[in-house]
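Step one of this worksheet: look at the structure below.
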Amino acid sequence: MIKGRVIGKIWSSRRVDSVPGGALLEVETDGGGHLVAYDPLGCNTGEAVLITQGSVAAAYFTGKTAPIDALIIGSIDEETPTKSRK
Amino acid sequence: MIKGRVIGKIWSSRRVDSVPGGALLEVETDGGGHLVAYDPLGCNTGEAVLITQGSVAAAYFTGKTAPIDALIIGSIDEETPTKSRK
Amino acid sequence: MIKGRVIGKIWSSRRVDSVPGGALLEVETDGGGHLVAYDPLGCNTGEAVLITQGSVAAAYFTGKTAPIDALIIGSIDEETPTKSRK
Amino acid sequence: MIKGRVIGKIWSSRRVDSVPGGALLEVETDGGGHLVAYDPLGCNTGEAVLITQGSVAAAYFTGKTAPIDALIIGSIDEETPTKSRK
Amino acid sequence: MIKGRVIGKIWSSRRVDSVPGGALLEVETDGGGHLVAYDPLGCNTGEAVLITQGSVAAAYFTGKTAPIDALIIGSIDEETPTKSRK
């Protein structure tokens, strides 16, 4: 998997029928690249996420063939900056 | 998935029989690379598209084995630049 | 497979149900990139590991569909630096 | 798929039995990298080709399991430079 | 497939049970990267080899699920430098 951060949402009105309903989020990956992943978790812009890729991502959609090759599988827990010096 | 922009069409008269009929478009990806994707949507040069890759792309072709590892799954909605200051 | 070195653990409280319980480790790969791999071996930070990727990693989880595209399959034996000149 | 240009042929006398007979061509890809692809079309050095990769390439070989992850699926039509100014 | 050259052997005493017995070789690829591939041919350090990757590599192991995503499928014939001018 790779880590990434959500930077926005992709809208595609004209698309292949088998694309599942739900959010397609644009993510900036750890290495600086961009990809678009299906989000089953309702993540927000700025959120750190974990992404799985390839046929493994499509296998998440049971009972149908979804043309999805990137899937957000988790929101990464980030430490809350602690207030210091008080 | 990755974002890209259609830059042209590929013609291949001599090809493997199992390549499905339909357009093969050359796409410049977000990162600056080039790839060739099967287009079931009738996209035009200059159009922003969403591409899925790997065996997930081939699975789109039900009932046959297509040697296709990149598929356009959607045209990305782009905002119409609004006329401002008028 | 690729070689890497464990640099930490990823915590994800909010995640897809099919993510198997167990450790998700962040690994710095040979080439300098980072990825997150499922660890069935109980590796420690700093340990050199061997990682398999793609659907091959998911196939490790028999009897269920796990959205895991990177798996630690071994800890790499490293030579103990020998004390010399004594 | 990716575009490439055939730069030579690979000979491998000692190989895994399941490698299918036929040409293995070395190709320089669009991005400058090199890969080796199985060629069912009889392409020549210098020819522009279209390559599919991954399990999609292996699926071309029906009825057997071929360890082939790159396949030439077409020869790309190139425009004949037209004689101009005459 | 990609070309590479064997640079050494990987030892992993603590590993996942489904890793098949046999040599895991470290290979420097054409592009300068490193990967680790299963070697069914008994290749030596310095030998030029052909590597297949992904689920295609795992499919080589029939009758079991092997977490192997890179396989040496051939030793590349290299020309013996001919003695000249004698």
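As written, the chain order gives the labels A, B, C, D and E, with residue 1 at the start of each chain.
Just so we're on the same page, a contact is a pair of C-beta atoms (placed from the backbone, for glycine too) under 8 Å apart; a residue touches a chain by one contact, two chains touch by 3 or more.
By chain, UniProt protein names: A, B, C, D, E = Ethanolamine utilization protein EutN.
Since the structure is predicted, the reported quantities are computational estimates derived from the model, not experimental observations.
**Student:** Considering only chains that satisfy the touch condition with subunit B, which of them also satisfy it with subunit C?
**Tutor:** Touching subunit B and subunit C alike, sorted by label: A.
**Student:** Can you give the shortest number of steps from subunit C to subunit E, where adjacent chains in the path must touch?
**Tutor:** 1
**Student:** Taking the mean of the C-alpha atoms as each chain's centre, how many Å separate subunit A from subunit E?
**Tutor:** Centre separation, subunit A to subunit E: 34 Å.
**Student:** Any idea how many Å lie between the Cα centroids of subunit B and subunit D?
**Tutor:** Spacing between the chain centres: roughly 21 Å.
**Student:** Any chance you could list the residues of subunit B touching two or more other chains?
**Tutor:** Residues 54-55, 57 of subunit B touch two or more partner chains.
**Student:** Follow the ring of contacts from subunit A in the direction of subunit C and write out the chains one by one.
**Tutor:** In ring order from subunit A, with subunit C immediately after, the list is A, C, E, D, B.
**Student:** Using the touch definition up top, name the residues of subunit B that touch subunit D in the complex.
**Tutor:** Checking each residue of subunit B against subunit D gives 10-16, 18-19, 24, 26, 33-37, 54-55, 57-58, 65-70.
**Student:** In the complex formed with subunit A, which residues of subunit B make contact?
**Tutor:** 1-3, 30-31, 40-41, 50, 52-57, 59-60, 62, 71-77
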